[in-house]
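In what comes next, chain A is part of two complexes: it sits with chain B in the first one and with chain C in the second one.
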Partner chain A sequence: MSHFDIDEYAYLESPFHSFDPRAKFVSVLVLMFSIVLLNDIRILTAGLLLAVALVLISRIPLLFVMGRLKWVALFVLAVVIVLPFSVSGTALFSVGALTFTKEGFLQALVISVKAFSVVLLIFPMLATMKFVSFIKALEKLHVPNRLVQMITLTYRYIFVLLNEIQRTLRSIESRGYGKRTSILGLKNLGTAIGMLLVRSYERGGRIFDAMVSRGYNGTMETLREFRINSKDWAKAASIVAVAVLLHVAAFTSSIYLGAI
Partner chain B sequence: MKNNGKPMVVRNLSYRYSDGTSALEDVSFEVSNGDSVALVGPNGAGKSTLLLHLNGILSKQTGSIEILGMPLERKNVGSIRKRVGLVFQDPEDQLFMSTVFDDIAFGPINMGLPEEQVRERVRWALTEVGLNGYEDRCPHHLSVGEKKKVSVATVLSMGPEIILLDEPTSNLDPLARRRMIEMLKGLRATKLIASHNIEMLLGICDRAILLDNGRVVADGKTADVLTDPELLREHGLEVPMLVKLFGSDALDVIREEF
Partner chain C sequence: MHIADGILAPEVWIAGFVITGIILAYTLYRTKAEEIPKISLVTSAVFVASLIHIPLGPTSVHLILAGLAGVLLAEKAYPSVFIALLLQAFLFQHGGITTIGINTVIIGVPALVSYGIFVVGVNHTRFEQRLVIFGGLAGGVAIVLAVVLTSIALLFGGEEFLGVVALLAVAHVPVIVIEAVIVGSVVGFLNKVKPEMLAGVRE
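After this line comes the complex of A and B, so read on.
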């Protein structure tokens, strides 16, 4: 079974791939927050271009990036369609009873640009390392251990569960209930999901037994020291500096050019 | 010592599941140091339930269990688990970490060993199962045979004196099964192996305990218990074809084969 691997391109070489996972995670996260907190569409556009540039630097194939972006586009599309008609303000044109406003359009634009920038930044941040390294980075950054355990186990078992539900569906289909769109099909899907729940619950019990029998006492620890060097510090510092600069730019432009 | 130095002494152990089904009924047996004991019986005989008792995952309801001279009680369960390794039937349950290294290191880390020793043990356990260089692999990308071997390694790294194995060769192709058997033969610990693979058990175990309906119905030399067609048939099992054809002469062949 083929499945979605966020770390499919973790083996490539780029400044992001060689970046220490902890420093990379923290600095790019700062940049993401910085972009989300901006409201000036001019600065946001710069942020979006920056995000695109970082994706290019990370050498993650654009086709792979586009493939993931289309899901984001689906969500953003809903906002872009609804907002211009629902926010009141200067009317640009009307379609029947609906009025397309300048304010609404700008808001939609701001939200889309933020969404795309942040999602684009996920690629240089997460797709440039093995997912395991990301989990370890969280562990070493002292993210609460319960959360780290949850991510570890989710990542380990999501594929097992996907396989399980696929097997259940296949076995239902192979006994002749092929149409997924019918009421019967939905019932079968319900059965499959129910089975998955029961099986997962039981598997959870067995995994817990396996953990306890190897001395599990509530925390999950791993070894692996990351070595952070001066290059990592420099990269992290530059990204954080850019994040700060975006806000300095937004602040000055609001003073000299006026807010939009 | 009151247990005569036996690493495993089980007396009158009974266990009922919460729905009232009896899983174990008055089970008693002893295992001597370094023994390889086969645990056989039809599906649902209580083999897995028994194994889960022997490192304290299930707690006894009646009877007594003594492991390595310690009665299996709450206060001892931690030190018993360090010395009794349990390999689960489904490697997907056994391997829960995201890399082979982390999984094998899980036990030793929990034992509080210093980092260098943990690394050394992981290296050693991987060598024992013949999977050097697999450290950074993800369990979900391994073959079933590899997963089974890593499962054994996750327990070996804790340096157990007793290893309990639940169906170590199920779902393996013939070559992987052979390799697994060779590996099991090489392990020095006291072993209790639950399996339906009678031929393998004849090859690597000296003694066999036959369970049915939660009761011990036979306990003796593998050469006696596992070659008795009547006895095995009565309890849902079957003697290997070689034994059917050649009687006890087949045993030498099987031992040589495995």
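After this line comes the complex of A and C, so read on.
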């Protein structure tokens, strides 16, 4: 378990930080879907380079980005290891009874490039705005209000509860019941989780009363209203244009250069 | 259990968005305003608990706790799972944005089913330890179902994914047992300390 920080890099300055949250969210989302729908490895490589370029433009520290990439790496790992051996096609080499095929390798490559491109794009999209701005953007985009409220509260309390469970686990450990994978160890862990749930449940009731008594009516208030200016439109339009261009390029290259 | 972007055929993730959209709309419509903080806090707690790594031989596994979400939140477990995955995908940068719909189906539907098993089991039997036993069953069944649904989603992409599916299934066998024990123990604890938190239990 590692420690998270809220809005760690939301206060830097870059073209992405000044980008209107709504326009940024929607345009980058379009780019993500566009990349996932591509199948040509040449165009996908261009997409990946573009994603890297956007991360650089957003000035989010690369070390932070790299650290977070390990998760997506973990998720695609199984596919990347298994596919080159399970897809049939031209054999490149073989290990025992397993053959490593060109087609399988290509498919694994396509999958990983897509997965990494999408994850990279999350950084310029979301790490460049404060959480409240994200919530307000969802609200302005007419995401159902109940959902927005749940997202807000859940996210906010993750940090509080993470501290709480870490304290509980430390106290369990200091009494000699470390995290052990035995029935007893798991039962102890279950009790700790149960305690966390009881506290959270009661806290939920109290928070709601406190919020209502301070005038909460389900909407998020921020000090600055969003205002889309011509620069925001230009940025959003260029991102969407690139998303469309990738597909145009894929289509043209499939005609003139042939599919791989 | 979290399918990354780019693995699935578009038909599968589009279907995921449709199914999730329908179930979400229905469950949110049935949610009362005053329930929102409690659902959120329980979602938060389940999310945090799922970050705990449990050492297992040379590696470690982390919990999914879909069954626990079901037992605590009944049909509201579905929006709860959706929100947890949304936060994981966007704000903790795990990715899985185009697959968020299908991933919610993969974890959320087992949560609903395990809630069903728990409620029917607990209300129709009369033995001492029934809450712990059916809690554990709910916890274990949720993972089995999630593995089955993930496999189905992957196999739509072609039979070359059989190897991946096999790897996934084998890797989750210990998780099934661990989750069953933990969810059983959480339910047993809550039954003693705060029984009103367990959804749908009639005395």
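List of remarks:
Keep this in mind: the second predicted complex is superposed on the first by the 230 of 260 C-alpha atoms of A that agree within 3 Å, B and C clash if a C-alpha of one lies under 4 Å from a C-alpha of the other, contacts with A are read in each partner's own complex, and residues count from 1 in each chain.
By our rule, a contact is a pair of C-beta atoms (placed from the backbone, for glycine too) under 8 Å apart; a residue touches a chain by one contact, two chains touch by 3 or more.
Computed from a predicted model, the values in this text were never measured in an experiment.
By the touch criterion defined above, A:L245 lies against neither chain B nor chain C after alignment on the C-alpha atoms of chain A. In the superposition on chain A, A:I228 makes contact with neither chain B nor chain C.
Shared-chain residue A:R203: touches chain B and chain C both. Legend: residue contacts after superposition of the two complexes on their common chain; A:S213 is shown touching chain B, with no touch to chain C.
Using the contact criterion defined above for the overlaid structures, shared-chain residue A:V30 touches neither chain B nor chain C, since it reaches no partner. Of the two partner chains placed by superposition, chain B and chain C are both touched by A:F131. Of the two partner chains placed by superposition, only chain C is touched by A:L169; chain B is not.
Once the two complexes are overlaid on the shared chain, A:Y155 sits against chain B and chain C alike.
Touched residues of chain A were counted for both chain B and chain C, and C has more of them. After overlaying the two complexes on the shared chain, residue contacts for A:I111 are found with chain C alone; chain B is out of touch. Shared contact residues on chain A (touching chain B in one structure, chain C in the other): 131, 152-153, 155, 157, 160, 203, 207, 211.
Chain C makes touch with chain A in their complex at residues 2-7, 10, 24, 28, 31, 33-34, 36-49, 51-56, 68, 72, 79-80, 82-84, 86-87, 89-98, 160-164, 167-168, 178, 181-186, 188-190, 193-194, 197.
On chain A, the positions that touch chain C within their shared complex are 1, 4, 29, 32-33, 36-37, 68, 71-72, 75-76, 78-79, 82-83, 85-88, 104, 107, 110-115, 118-119, 122-123, 126-127, 131, 134, 144, 146-147, 149-155, 157-158, 160-162, 165, 169, 179-181, 183, 186-187, 189-191, 193-198, 200-201, 203-205, 207-208, 211, 218.
Residues of chain A that touch chain B in their complex: 130-132, 135, 152-153, 155-157, 159-160, 203, 206-207, 209-217, 220-223. Across the complex, chain A is touched by residues 52, 55, 57, 78, 81-82, 85-86, 88, 90, 92-99, 101-102, 105-107, 109-111, 115, 118-119, 136, 138-140, 154-155, 158 of chain B.
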